[in-house]
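Scrolling down, you'll hit the structures one after another.
Shared between the two complexes below is chain A, which has chain B as its partner in the first and chain C in the second.
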Partner chain A sequence: MKSKSKLSAFTSFLFVLPYLVMFILFLVAPLIYGIYISFHDWNLISPIRPFVGFENYTQIFTSGTSENKIFLNGLTNTLQFVVYSVPLLVVIGLLLAMLVNSLPSKIRGFFRTAYFLPYAISVSIIAVLWLWILDTNSGLMNNALQALGLNAIPWLTKLPYAWISIVIATVWWTIGFNMIIFINALNEVPEEMYEAADIDGATGFQKFIHITLPSIRPIMIFVIITSTIASFNVYGQPYLMTGGGPGDSTEVLLMGIVQQAFQLRQMGVASAMAMLMSLIMISISVGQFLLSRGKKGRGNEHA
Partner chain B sequence: MRKRNKILLIVIASVLAVLFITPLLWMLSTSFKSDFEAIGGASFLPQQFTFDNYKSTLLDQTVPVFRWMFNSLFVGIAGVTIVLIIDSMAAYGLARLDVPFKKVLFPLFVSTLMIPWVITFLPLYQQFSNLGLLNTYAPLILPYSANAFGVFLLYQFFRAFPKELEEAARIDGANKWQIFIKVVLPSAKPILATLAIFTFMGIYNDFLWPLVVTSTPDMRTVTTGIAIMQQGSFVSSYGKLMALTTIATIPILIVFLIGQKSFIKGITQSGIK
Partner chain C sequence: MFKKSLLSMATVIGIAAALAGCSNSDGENESADSGSTQTVSFWAPFSGPDGPKMKEIVDEFNSSQEDVKVNLQIVPQSEYYTTIDLSLNGQEDSPDLMIMHGDQIATYANQNILKDMEPILGDTINKEDYHPTAWNGVEVDGALYGVPLDIHPLMFYYNKDMFEAAGLDPEAPPTNREEFVEMAKQLTNAENGEWGYAVPTLWPQQFIFPTIVYQNGGELISDGKVNYASDEAVEALQFQSDLIFEHKVSPENVQQDGELTLFLQGKSAMHMNGPWMLNQFEESNINFGVAPVPQLGTEQDAVFANSHNFVIPETVQDEAKIEAITTFLNFAGENGQAWAESGQAPVSKAVYESDEFNEMTQQPQVAKQFDYAQFAPAVENWGPLSDPLYSAVNEVLLGSMEPQEALEQAQEEAKSRLQ
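Presenting the complex of A and B:
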């Protein structure tokens, strides 16, 4: 009996084995290897890679070093992008969802598809396309401005326009995904709640504040966290649209890490930067989650 | 009054739809303009309609656009196949079978969904470099299979799968594998389709990873190939760039329009609701 259950456990384990192998090879191993590399003076092409302890990390935190400059500049720019893009991605996503839901059901599908369509296209196509739309001399945007009698704007080579351009392209590209998630969430809100509010004579705005928002709260938090993570990972848009410019003002953290690893060939420092970036991202996600739970807890006490 | 509101909403929605679609039409329109007209003209539609951009892009030996599309399609399909097989097996095992340590394994897998992708980016590159596998299909396909999303998605589905169907098959003398392949998997087709679309789009649209692990034109994917052209010989020719991006966009838009329903349903099924 015992050997039979052991045999059964073994054959069951075979189901998990292939994924487990991939999981170890391509997730656990690189995770450990990455920590290991970050403690070494690891040149991409030189085989001599001495252990240096925390030196790569202290290097990043010592002001005046080039590593410090790349990391801080990249982090500041990435955080700027997060702050500019996430509120728009969340608010416009929700507004689009509400707009689509308020349309007659026959034409709803068409508009949902229209707003969701850009999401299917890959980042390099998005970047090349917007590069051309925002071209200073003959792009569509400046053509339109000039037709209205306005001045042409150097969209990609001056601040704040460079950030505005990257944010516009990003919102256009990814907003459809958030919209779809919000549409699903809105459809889950029980119709009776709105009907009850109608009887009480609530206005549309009151219904939104007191019924819609509380009902879609968990999804809202989910969208905020996933949008923040996605914006933290921004790379293709600034890399292709502004090249990090003007100067290094839109050079995001991932661009700094890639430069450190593949142009300066310093994998050790680059890995340390990647570790720090991950820690910051995890802290922010956890912080957002706890913050939202804390608020909910207080809200429940009042209720 | 209500009717007027409805019409106003439709007008707003239509204006927005035009704004969302215009960039794509601009891409299409530019691809039929000569470089001279693209740079000089202020007109939206081409004044002199030309196929030259498509001709020179498709005939240019340095722009193997069909090879890139093949590569993207190949790594996407290979990646999806691996993910569907190993994720469905693992999820079924963890959800329904007596897998040892499953109480530890499942939370361990799911917890890695929290880990930012960037943490494994450089060490993975180093791993493939150590094995001499850079600029091959291996790094373009294999790393995606470690993602726990599919296991998580399918686990929820298999937990809810009716036990009676398995029981009936077991009484008929079927073993675990036969039950899995003949009874469980066929019923999971919709959720597998959803996972396939998510995974395919993730691989097809990935940018930074394929950019660093490939180095020759014949190994590029569509996404990376276009970026290389934009920074290389096409830098000043928007007509050709737009022809190239149009060629690359059409297949994925077709896939997207067909798979859209499944994709949207998948978002609901993935527990995000």
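Presenting the complex of A and C:
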């Protein structure tokens, strides 16, 4: 018996192994290397890279330095984007999933693919598409608005429109992923529960609140956390659509980090910024997780 | 920098992910095989239509003689300097010869990464064979760190059909500010969405704004100090802002590449951009002309330019290899007509003074600007240092700030970056 369970533990380990190797090679190792770099004055093209302790970090937190300004401005803008985009990514993702699920099964596959398709396109194509649609002076959207006798809107050059445009493009681009996950979650909800509710005379809305939502809660948490992380990593859309403008009001944190790393070649400061960014992301994710678990205690009957 | 279009810029995004381990893939450095043939590994960022042209020169050289073999390795523009950094940084697999933009040379030279070319020049490579301005682009603190290939200044493009429709001579583009503004007004028909000159608010202001500042007789860096808020700079920005809000020859709220879209749609009659746009304009169906940039400032002829140069890493020490490299550089200088076919203007006299070159459409117009071309200030990291400046230009041209105030703010911010 003992050897059998050892064997099964070993085979299980074999199954996990490929992932573990990848995880260590491409995630843990670079992460540790990044932490190491962040404690050095690490110029990419200088062979001398002295250890500087926490200097890169204090530099970022000392007000008045350019690193401080780049980090704080980038962080504020990134957080704004997270706050604007995550609720929409979750709510619209769920609504789309319910919409697609309620379609006749013959055309369901088509719409599921159609909504998912943009997710497979690279961000540069997405940005060019939306640039053409939203172009203030010759874009599709403003031409349509003007044909209706409305004023043209500076979609990409004035606030708040610049953020609205970036969020719209992002939602259109990535919503398919959340939708697919929600569709699977919805299909997992036992049909009998709805039937029982029907017998009790529950309305559609009541069924949604009391059956659907609690049943898909774990998936909902997963979607919220992954959407938050993805939104934190926003880069391509503002870089390509607004160039960080107007001024530097849509310049997100990753743009600043990439500039520090590859234009200024200051890998030390860039790594320190990246570490701080990861810390913030991890704290938010853990916070979201704990918050949702705390709530779960009350409605445990579906677990 | 040599940004071609939005699409090519987009690839930059890939870099963020590919931080670790993106060099070491090109094992072309067989060192001095068989003794008789010298192998020179040569890196260039020409991933556009200019790549095959450089390849042509290299192939021609390789087949013209037996002693030296040049291996051209094209690295995509967006990853070029990162790849160079990583290879130089590992001190292995680094090239023997590479192309470097003029505005990058100061940064690398200050790290003692580039070979001082002075000992090589004069002996086998004759400085007089190149346009004198080109040498300014490779000079850092009096030393020369490269052999120039081309200068790419800002160019002036205009839509001949729109000129004709407005009753203007399509063969007489504007040459100074008065003509420019006058023509722009005549070409503008705001009701129809036709504009004289759509003013960009982002790229390529990095070429346009310094051009006007230099034409005003100003500088952006004076004696190593940031000088963004000089009278000349404020005037240059005020002038551009006036084109939008006073003269109304440009639409407001021009977005990233918006002015380019309007020019390609035949809705903006005049356009300023780099000579690398030639291919794209030729493929579009606009009937365009190309000319030197008009004198939009008030003091002197000037145009902002960047350049491509051949540089040798300091790690290359072998005399025989250096001789092989200089043999190739001489050949490339004399046989650079192929490079001109990419739309660029080589600075070798053998090319730009030839009849064949002067019969081309755009290239002679580029060469006309050689005499007064000015380069980015020879400071480290000009790109990031000028970022606050272009944020200010952006704010002013979008109508949300006044030139003086915006430039002063940019100056303060850049100062904190210069430390």
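Observations on the structure shown:
In this section, the second predicted complex is superposed on the first by the 269 of 303 C-alpha atoms of A that agree within 3 Å, B and C clash if a C-alpha of one lies under 4 Å from a C-alpha of the other, contacts with A are read in each partner's own complex, and residues count from 1 in each chain.
Keep in mind that, in the parts below, contacts are C-beta pairs under 8 Å (C-beta built on N, C-alpha and C of every residue); 3 or more make two chains touch, one makes a residue touch a chain.
From a predicted model like this one, the values you see are computed outputs, not experimental measurements.
Three-chain overlay on chain A, with chain B and chain C in a clash.
In the superposed pair of complexes, A:124 makes contact with chain B and with chain C alike.
In the superposed model, A:65 lies in contact with chain C only, and not with chain B. In the superposition on chain A, A:132 contacts both chain B and chain C.
Ranking chain B and chain C by residues of chain A touched puts B first.
Contacts of A:96 after superposition on the shared chain: chain B is touched, whereas chain C is not. Once the two complexes are overlaid on the shared chain, A:199 sits clear of chain B and of chain C alike.
By the touch criterion defined above, A:33 reaches both chain B and chain C. Within the superposed three-chain model, A:258 lies in touch with chain B and with chain C [touch as defined at top]. In the overlay built on the shared chain, the residue A:240 is in contact with chain B and with chain C. Applying the stated contact rule after C-alpha superposition, one finds that A:158 touches chain C and leaves chain B untouched. Overlap of the chain B and chain C contact sets on chain A: residues 30, 33, 122-124, 127-128, 131-132, 135, 137-138, 235-236, 240, 254, 257-258, 261-262.
Partner chain A is touched in their complex by these residues of chain B: 6, 9-10, 12-13, 16-17, 20-24, 26-27, 30, 38-42, 44, 82, 85-87, 89-90, 92-94, 97-100, 102, 105, 109, 112, 114-127, 142-143, 145-146, 148, 151, 176, 180, 201, 204-205, 207-208, 212, 222-224, 226-227, 230-231, 238, 241-242, 245, 248-249, 252-253, 255-257, 260, 264, 267-268, 272-273.
By the touch rule above, chain A contacts chain C in their complex via residues 30, 33, 43-47, 64-66, 69, 122-124, 127-128, 131-132, 134-138, 154-158, 235-236, 239-248, 254, 257-259, 261-265.
Partner chain A is touched in their complex by these residues of chain C: 6-7, 9-13, 15-16, 19-20, 81-82, 85-86, 88-89, 91, 107-108, 111, 113, 193, 198, 201-203, 251-258, 261-262, 265, 267, 381, 383-384, 387, 391-392, 394-395, 398, 400-401, 413, 416-417. Contact residues of chain A toward chain B in the complex are 5, 8-9, 11-13, 15-16, 18-20, 22-23, 25-27, 29-31, 33-34, 37, 96, 99-100, 102-104, 107, 110-111, 113-118, 120-125, 127-133, 135, 137-138, 140, 143, 146-147, 172, 180-181, 184-185, 188, 219, 222, 229, 232-233, 235-236, 240, 254, 257-258, 261-262, 267, 270-271, 274-275, 277-278, 281-282, 285.
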